[in-house]
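One chain, subunit A, links the two complexes that follow: it is found with subunit B in the first and with subunit C in the second.
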Partner chain A sequence: MTSNNAPPLNSLHELLLFGTVSATRQPALLRILAGYAGLQPHAILELHAYFKPTRSPTVVQQRGGSQGITGLKPGQQAQAGPKDLYFWQLVRNVEEDELTDAGSDAASSGTKPHKWQLQFRDTPEPGKRSAAIRFAVNQDVVHGDPEAYMQAMEYRYQSRHLLEGHRLVYNNVVISLYRAFVPREDSATALSPLPPRSQLQLLDPSGTYIVEANIRLSDRSNPTIINTGLKELDRLRTQLRDIIDLKVPDRLKLDTRVK
Partner chain B sequence: MSRTASVIFFLPGAQEATSLSTLIERLVRTTNGNPLGKWGLEHRILRSTASNLADDKTHPPRLHHILHLLNWPQLTHIVISGGPPSPNGNADPTQALETIIAIPYAQQASYIQLLKLKMGALWTPRTVLQVANGSAYEAGEITIRLGDLRQLVGPGAHHGVVCFLQMQFEVPGEGEDGLGGGAMEVSVSPEAVAMAEQSAKDALTEFWQNSGVGGTARETWRFSGPGEAENGLGEAGLWCDVLRLRK
Partner chain C sequence: MDDVDPDELRTLDQIRQHLLNLSLSMQSLQKDLVAQEDPRYNPLPSKQYLVSAEKAVKGHLESLHRLLSENAQFLREAHVYPTAQFPWNQEHLATMLLRKRLDPGVETWLAQGREATEALSADSQPDAMDYDGPAKRQQFDPAYWQDLWDFAAPETHQAIQNTFADVEGNQSQPSQTRRPPPPAPEVKELPLDDVLRVLAVGITPVVQGPFAR
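The block that comes next holds the complex of A and B.
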């Protein structure tokens, strides 16, 4: 067992376009996308719990060569800095019956093991492209307590919301249409039972759906792969231009760094 | 319901292949061990960075282990030992805090990349250790895994020989009540558990002494409760206790 037998690196970058569609036009868009894909959309109901680091990053500012060096002990190297800290998410699928009054009570009385996934999303890279590109990693937690893991990593729970919508795959593009719901009263922990639907409210009261078009890249360093992905997103944008305007998102609105 | 007793004997600084082959020969000869095939592990350790909080200086650094055991081929175990300081500062410094999860082995490389590229403010990589050409055997109720422990980069590449022994045992009276096939579990006293653990420990110790290995071995023990050994979390924790070496 050597490093040569290590599993290949999963694709760690994705190309993104975003758009919005009103609640009244969402069914029509979904039908059109299903027609293009030749598949029925898959319903999604996901819980996203956000975690924030408990401490500030260690920052070592280099204020010029001589000042930096004289402050160091022999053999000690100057550290590079500053280093960012990021928000993380724990995500899991939700069963519809968890959002009923009975389901919520049942969850309160027992602990049903759920399959969680750690999701890391970086701020999109700067630069002019026809789609945003960002570093993104998903880690399935197969065994163990994911919330205890986050605490051990010095992260504390911040908030959570429910994403409800549909997802389908069209060639290499994963297209998601979703809205976010938040509990009227927030819970103390990420793993607390979910409140029933009557206790959830839309994050955007207008009911507008987010449309996300996403391509995972197998190799960020390969320009051919990136260009192929960009062209595929361009084709999708052109096909849907009469229905929805898919755009490059403002990268700072997707900034996951801790300020 | 079975519990598990595990021990790792670490012979530091043992001379490479000679010791390992000698150890294997003696073990197989004296115990009539049946070979189970190749075995190995890969272990990475990271250390928490210093915080700019003044009170964090009273807490030792935490260790972040990434461990792949070949006997759990589909899993990579993540062990974080030390734990964060409690918000009110009343954490018991004598209590070893440990959090263990398992992720798919197929996602190990991306996890390592994530720590390296985006978690540098919290974690600093330290060493990478490996058992590359180890072996596994079975002798009666005891499972044996052993191999040369090497550091993948840097000086002092060969650390020694590690030998893992594991057996299952039961605490008398623990489990189903046996009355008409009911599902009610019978709990047992801590004293009964301690006695059963001691018996298992004596059995493994006797096995090791009869193996004729000799030399001075550091031993680290762990006992897992009913059903806890099913996903390798306890075994991973034991390996990380040993592989932290000089911390």
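The block that comes next holds the complex of A and C.
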């Protein structure tokens, strides 16, 4: 949902609710959601590579005397707390045949270059609300080697996993049902070919799916928009009340800061 | 994040062609129907001309309709977005194309058109091109609800059928209306919080030594 002078929508705030559904009930839930939304769900298969900053969080040093209470000279930075550093993700879509045994040694690096997207997710804001709100940035990598870029920014590849599931849109809400797969042995880089399905294991062995309900706001400062979004999520939650439980996530669990 | 599919591009181009043809034929018909200034000129074209023009317009409409319904799923899921190659000095074009809602005048006109067609056609089937979706419909016919049930929740449907089968006189036990309980999950599921943590920061590799970060 946007206001009239909306900034580009690759940086925005998200309103979030999460729930879970067991593997046995997931197909029925997907059909029910597709019925509500009036459209077929879109299959998603995404590779998420996580990058961790190599610097440790620095503290801004105060320079000079401490009598300058009256004001800061232009150019001086206000005394900030220790600057936080965050995890970043490189995400791309994965074709199913990259996960076959032949696909993993076929030139998945040779054929066509992959389209990566750099994703930043801030820690959700504190405060009691009916949904979590967090700032998010999605930036398509148009040109160049994304991993080299991250290294130049002093970020190091840490791990990666695959998300598989479906996504559909119901009015303003993007509903995603997915679960995560982890490679049995991970590679040293984000760009190396993916292991075949036999080498992937479920993060959650019970096969439970995550349900994510996500409304994107373009204008954080407009309370009308925020309230409309919260109301819509509430309406969705009551509509699905007997089918699935959508809850506000614990903000510290979604905290992407490096400790 | 996908590349433009050549098939999809061709579909869009075909739609554009058909719309263009339709628009041209309708325009020429309209031009010929408009009364000429010159009183000596016979304003109404011959019946034969009218019949053939009507056939042309109808043919274009039909082919367009066929094209749209064949590609209904793609069109429903497709959405417009500008790439970097868009000529950004024409920004007004981009904002016009990206509008989610049509102009209010256009919307009322569309609504009027829909009412008119529903009034005309006695058996109104749910249109494959109905973007409004079932949520916005005012009237449903029972066949449509039946389809929705079959699509959305076959297990529930089955339970209801069982229930009504009992009501119809068979002296079966009430336990038949209950579905068999789902098989107990064998593996305990991970708490949602833990999974969300992994989705936020990935999996920390095993620490190499006491000083590794």
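The criterion applied here is as follows: the second predicted complex is superposed on the first by the 222 of 259 C-alpha atoms of A that agree within 3 Å, B and C clash if a C-alpha of one lies under 4 Å from a C-alpha of the other, contacts with A are read in each partner's own complex, and residues count from 1 in each chain.
Here, contacts are C-beta pairs under 8 Å (C-beta built on N, C-alpha and C of every residue); 3 or more make two chains touch, one makes a residue touch a chain.
None of these values were measured; they are calculated from a predicted model.
When the two structures are aligned on the shared chain, A:204 is found in touch with subunit C, with no touch to subunit B. After overlaying the two complexes on the shared chain, residue contacts for A:43 are found with neither subunit B nor subunit C. Of the two partner chains placed by superposition, only subunit B is touched by A:83; subunit C is not. More residues of subunit A are in touch with C than with the other of subunit B and subunit C. Once the two complexes are laid over each other on the shared chain, residue contacts for A:146 go to subunit B alone; subunit C is not touched. Of the two partner chains, subunit C is the only one touched by A:158; subunit B is not. According to the touch criterion, the shared surface of subunit A, contacted by subunit B in one complex and subunit C in the other, consists of residues 56, 140, 142. The residues of subunit C lying in touch with subunit A in their complex are 1-3, 73, 76-77, 84, 133-135, 148, 151-155, 182-183, 185-190, 192-205, 213. The residues of subunit A lying in touch with subunit C in their complex are 18-20, 22, 24-25, 28, 31-32, 34-40, 42, 48, 50, 52, 56, 87, 89, 92-93, 115, 117, 121, 140, 142, 158-161, 163, 180, 182, 186, 203-208, 210, 247, 249-250, 253-256. Against subunit B, in their complex, subunit A makes its touches with residues 1-3, 6-10, 12, 53-59, 83-86, 120, 122, 135, 137-146, 148-149, 151-154. The touching residues of subunit B, when paired with subunit A in their complex, are 38, 40-42, 48-53, 56, 62, 68, 70, 75, 78, 80, 83-84, 97, 99-111, 113-114, 117-118, 120-122, 130-132, 152, 231-233.
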